[in-house]
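Letters A, B, C, D and E name the chains as they come in the text, with residue numbers starting at 1 for each one.
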Amino acid sequence: MHLLETRNLTVRFGGVTAIDNLSLTVGEGEIRGLIGPNGAGKTTFFNAVSGRYPSSGEIRVRDHVVSGLKPNEIVAQGLARTFQHVTLFKSFSVLKNVMAGCHLRSGYSFWGALLGTPRTRQNEADNERRAREILDFVGLGGLADETAANLPHGLQRAVGIAVALASEPQMLMLDEPCAGMNTAETRSMSDLIRRIRGNGTSIILIEHDMKVIMGICDQITVLNFGTKIAEGSPEEILRNTAVHKAYLGSAADAS
Amino acid sequence: MEAKSNMAAPRSSWRPSRRTALKAGAASLIGLSAPAIISGRAFSAPKTIKIGGAVPLSGPVAYWGISTMQGFVDGAAVINEAGGVVINGEPHMLEIINYDTKGETADARAATLRLVEQDKVKYVYSQAAASTVGMLQVTEPAGVLSIVACWGYLKLFGKDYPLHFRAEMSDYEQGFAYIPFMQEHYGKDSLKSAAFIGPDDQDGKDCNYSYQRLMKYYSIEDKGSEYFNWEDTDFYPIVAKTLRTTPDFIVTSPTPPGITGSIVKAARELGYKGPIASPAASETKTILEVVGELATDVVLPVTNVDPTTPSQVAIRDRFMKRFGDFNALAGNYSWWIYSLKAAFEAAGTADDPKAVAEALGNVVLEDTYCGKVAWAGEKSFGVKRQGVYDCYTTLIENGKARLADVRFPALPADY
Amino acid sequence: MKVEQGTAAAQADGKGNAAPPSLNRYAWAALFAFTLAYPAAVSFDNYLLHVGITIAFNVALAASMWLIWSLGLVSFAHAGFMAIGAYTSALLLTKLGWPMWIGMPLGAILAGAAAVAISLPLMRTRAVYFFMASWSVGEVIKRTIAYFDGLTGGWNGVFDILPPTIDLGPIQINFADRIAYYYLAVVICAIIVLCIYRINDSRTGMIHWSISENELLAEHIGINVFKHKVIGFTIACVFAAVTGALYAHYQTFISPKSFDIWKSEFALVHIIVGGLTTVGGPVVGAISLTVIDETLRATGPFRVILFGVILIATVLLLPGGLETIPGRIRRALRGRKSS
Amino acid sequence: MSFDEIPQMLVTGLSLGLMYALIAIGLTLIFGVMRIVQYGHGEMYMLGAFFLYYWTAKWGLPYWLGVAASASVIFVLGAILQQTLFQAVHGRNILYSLAIGMGLIFIFSSGGQIIFGTTVKGIPKFATGGILVMGGFLSYERIVISIVSASLVVGLWLFLQKTRTGMAIRAVSEDPETSALQGIRTRQIHWVAFGLGSALAAIAGCLMGTLLSIVPTMGFVATIKAFMIVIMGGLGSIPGALVGGIILGMIDSVVTTVISADIAIIMSFVVIFLILVFRPSGLFGQQWT
Amino acid sequence: MLLEIRNIRVHYDKIEAVKGVSLQLGKGEIVTLIGANGAGKTSILKAISGLVRPSAGEILYDGADITRRSPSDIVARGISHVPEGRRMFKLMSVQDNLRLGAYLIRDSKVIAEGLAWVYEHFPILKQKCNQLAGQLSGGQQQMVAIGRAMMARPRVILMDEPSLGLAPIIVDEIAAIITTLKQSGLSIVLVEQNAHLALKLADRGFVLETGSVTLSGKSADLLGNPEVIRAYLGA
């Protein structure tokens, strides 16, 4: 049983086919890299799987068909994601961002919230504890009360991941987590990704920084123009000339 | 004051004469409001009688509110200059306090509460139905005398509201003047049926009620009623629909003059030849401006546009001087305060609204802007609280207006 | 109308630097205490009590509209739902003799049902389009009421909507008394504000702001955005209906004109002037603008102009509204200390 | 309803729709370029009409010159308002521009009552009489005014398509940053578009004012109509404003004639609601986020 | 030096995107900025063209300080910017897009010459000149973007990721155009992720990492430098 499986996934915008009959499987506990030149359809793939874009074909999570579900239902199925551009509740504190993420897996009733019942207070306390745990886990424990908008870019990305982790996903889809980071930040991000996997969460990773991809992925899928052009271990991908050509540009041949 | 002079400034290059007048008007308004703010702390040398206005001074119906207020302000000044209200030999000065209602019911209620409860005013006046309704929620229980211009809402009028006076004639009273005139002018046989056009709100429905009673009284066939929205900008559709019923004449009330003009124009352009009567809320000049040459056979009761009698001319001149502005409506409303003065003097008190009300009901004035004025309605309403006065009917023919008829309404015996 | 919620929020001193909640709580307690003492403070001046009651209505309206705003939406259907509450309660009293104690909850339920039904299609629209669509809803409600004049009295409105009474043997209160009605209005208004405060302070509020802040992310962390929008909108409409019933029994007269677009617009103006990010905003905005409006009444024709000038001046000179004043003062003090 | 009323309804609806469209196009232009809602747009319409009133009725100057003068004066006024008030809230929450617009409504409509007086006024006519078109009566005045509004719509379209400034306006409303890269001074385009939009409203005010009558409080109704049309057609879309205007004009005309005016206005709100539900960004709108 | 950047810094609120970068561009030269996403390449271009204001440092063009000039002034001085993602005015025709490029040029003859130049170099655009720009393919849009920049008769062109999302064949075409531009005497600042392409085209290159230049030199040297390949492939 695969954790995530897509069968003949196709996404069209008007006349353009952004994802073309893509079939892909990701196993449990895997870190899967998704690479390809800009415009290859990587983010579109995330958007389709997370329910943001309508698609044809089939998407399954642990053999449950999730195609056609709304994003919030897909998250409930255990599939969380982050975004290419930093996407946070920017005026919230870091802690509150993560607590919002915890909402899905914690008890909530409207009336309880309104009346402030002991149970709700317990829930909120649990929630906050959970959120702080997650923040500690991603290494942001000291920044819980900062307003998200005031954090530097790299830390905002980490908050984004913390928010996604807060929904306790079985699989996390990371869209360029290292974009715009310096070497040290990138290293700690790679580290974080490995630790997340260590907790039993599978990961699909879109990343342009090849150091990251080659360093932490078990398997890599290469997309170009919405189709899969290669799949395999980092070493295999590095040797694949089709990949070279697609990814590094035509001039790569000449060099 | 700063704001006021800025407001007036752009006009300077256009018409300096009006600018000064305008300034004077604005200054008097500010002056009026000043005592309101420091009310109760005025000098106590001569006794004063406070009269309060809860009138629309802003908003879409400000036209009527401001006209009414002008009548009171001018009247109070004239009376005070002449030695004030003399009650039992002692002169009393009149003080006018005005609060804006925007022409809204709840706002009018608030303004009246302020007048009655804070300024301790015992005599109030108001204008237009919405403000009146708001005012009446307050005045009658508080034992405060109210004079208003309001049609309809008849259940708020009569025996149960003994302190409530309606100074302006409704279409119903006017009808007993202008319909006989029209019958004489056009011939009874050519006015066998009529149709009604009015605004889709309480005023429109009220006037429609008056209209229906009138048509019944004169046995004129009612061909139906149409209501327009205040948001409407084009009256072709509604006029076309009315004309489909082929009425002999059309009544538009209480349609504002601009819209009446548009209706007249649409009707003429659509080939309608019959007379159009616009009782209540109308005005000649605007209709002429809007309709131009096409304006013909428009019958406008109660608007003596060009003052004729000496007292009318005097009133106009004073208004022009004091406010820089005069319109026939303001002239119409100018008699209210004089009737109050007469009532104070007749009752011999200004402290007992009930006694004043009794006296006011019997006041008859001979020479106002509206000619002869009296209160009537004993049979219909149980109390003499409805103002009736000479109806000046203007007739527009081929783009020119002339005063065609002056008569005291021939009220039916059971009125 | 959720353009740049973030900016406004950031201006208003984000959550990070906000005053400690205890201070906040003191401010609310002081406000409530003042409200209770107000009648005595004005030596039971009936007119000033009337102003107090009007403020209570405006606060309740602005606060409930603000609840919708916390979802990132501006609803102009508010006056319409207020009308539903007012008319239900008024007609039940005048036609069937049922007191306000029954009419008000029934009006609220009716408004709630209508709000759920209408928000299913309404929530498809966004931003300015939502604004216009909700405006249409409000106008249609108002004009439909006017249209069925047999039942509702049409444009003539409904009269003699008597204030309620309480008769519990020893305790008898007739709310026709201004002081009694003042406390009734204040208590109901306080309950509404308290509910909104609690909602905003609880998880629900966090959900609302997360939707307002970033609907995309909210969906992707498992929040059912549509459901919460419908619920939030409905609650606010129910509050508007309760206020409407309260309003009707106080004014004793209502007509469709009482619920025209300006009712919604003034509520919106109260929010903008007061501030967009906390419940305090609409409360402070409604209080101060109502007082200003009443004070300006005596300026006659200049009343509306001055109101407009004050409105524009506040928007331009005090970005973020009145609620930012404490933060500004604090910053100014801190600035002086540090320098 | 009889068959011969149909032409009258259509003719009236069309001419009405064209004038509505004229007000709405100004509003949509301002939104497109600045992304703010000029809620006080109707006040420009009112002021334009009053300018023409003083021009013709008071000073006795020629009518069409007055329309042009009114448009220029209101253009300047609009540009000044943009520079002094609206530029300050540009890019901020749209509610702030809404509040400023409301303030302008209060100031202009009430100030207008003090300056112009509260009486209803009529702008002198430039033509009388009319002709029958397929059984529908059309006054010459209405024909001329419809032609003028139609040609203004076409003229504006040509202006936006063909001229340098027009292209700049379109460019800024599509993408301000890239426009700046082409050398366009976006701030300048802001006040130009704002002035232009206001001038269009002023012209509409002149034409409508001639056909009907004018009062200082008439602006808000125009704002409501314009707002309804612009949202129905899609914010920022000029064809949308044209189509929206004609839809509204037709509803006003046809439903009023066939049923009644109160149903007509309920109907127009219902139609807007339905359009927005099925096309959440209006008929021709793009999703502005 | 035609264009000289001295130690500029760019902040977005509290985030520093460019941390003191200096570079020079000679007449008729192509200089490329390469590096990963978020390295600050686009911010540098935006600082040059006036879209963002540098918080420190200065930009000299032709001897004059243009650091805080408005974008339109900078365009008028002869620096055109081909933005990332091509940024078509999608609702306008190809021809209108091109005309907008010549917004500051009032002489219709010059505009006509410019159009002729564009149509000569991109014949496909002539066929599609009345189509809406939004309907073109990515490569054609890139041609419009370059043509639009050329319409302003610039001396310097700033190009941001011209190969982004284009098929290899099209990339070759774009590369050929860039070479042509250089031959006609233009100076170009080229920002690219496609390092091989960029370094093949450019005379000199700068490798950026998180807002700072970590490596610079002649393109030929950089092409052979394993450090660059490491930066890109991590291998």
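By definition in this document, a contact is a pair of C-beta atoms (placed from the backbone, for glycine too) under 8 Å apart; a residue touches a chain by one contact, two chains touch by 3 or more.
For clarity, every value in this text was computed on a predicted model and none was experimentally measured.
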Starting at chain B, fewest touch steps before arriving at chain C: 1
Chains contacting each of chain A and chain E, listed by label: none
Farthest chain relative to chain A (centres taken as mean CA coordinates): B
Between D-E and C-D, the pair joined by more C-beta contacts: C-D
Chain whose average C-alpha position is farthest from chain E's own: B
For chain A paired with chain C, centre-to-centre distance based on mean C-alpha positions, whole Å: 41
Chain centre separation (chain A, chain D; CA means) in Å: 48
Separation of chain C from chain E, taking each centre as the mean of its C-alpha atoms, in whole Å: 53
Chain B and chain D: spacing of chain centres that average the CA atoms, whole Å: 34
Interface hub residues of chain E, defined as touching at least two other chains: none
Shared-contact residues (touching 2 or more other chains) in chain B: 7, 58-59, 62, 66, 200
Residues within chain A bordering two or more other chains: 149-150
Set of all touching chain pairs, with the criterion as stated earlier: A-C, A-E, B-C, B-D, C-D, D-E
Residues of chain E touching chain D in the complex: 49-51, 70-72, 75-76, 80-81, 83, 87, 89-92, 96, 99-101, 103-104, 148, 152
Footprint of chain C on chain B - complex, ascending: 3-4, 7, 29-30, 32-33, 36-37, 57-59, 62, 66, 69, 97-100, 102, 104-106, 109-111, 113-114, 116-118, 130, 133-134, 137, 152-153, 155-156, 200-202, 204-206
Residues of chain A that touch chain E when the two form their complex: 37-39, 149-150, 152-153, 176, 179-183, 208-215, 225, 238, 245-246, 248-252, 254-255
Chain B-touching residues of chain D, taken from the complex the two chains share: 2, 5, 8-9, 12, 16, 19, 54, 57-59, 110-111, 113-115, 117-125, 128, 130, 137, 139, 208, 211-215, 217, 221, 224-225, 252-254, 256-257, 260-262, 264-265
Chain A to chain C touching residues, read off their complex: 50, 52, 70-72, 75-76, 80-81, 83, 87-93, 96, 99-101, 103-104, 108, 110, 113-116, 120, 123-124, 145-147, 149-150, 163-164, 166-167
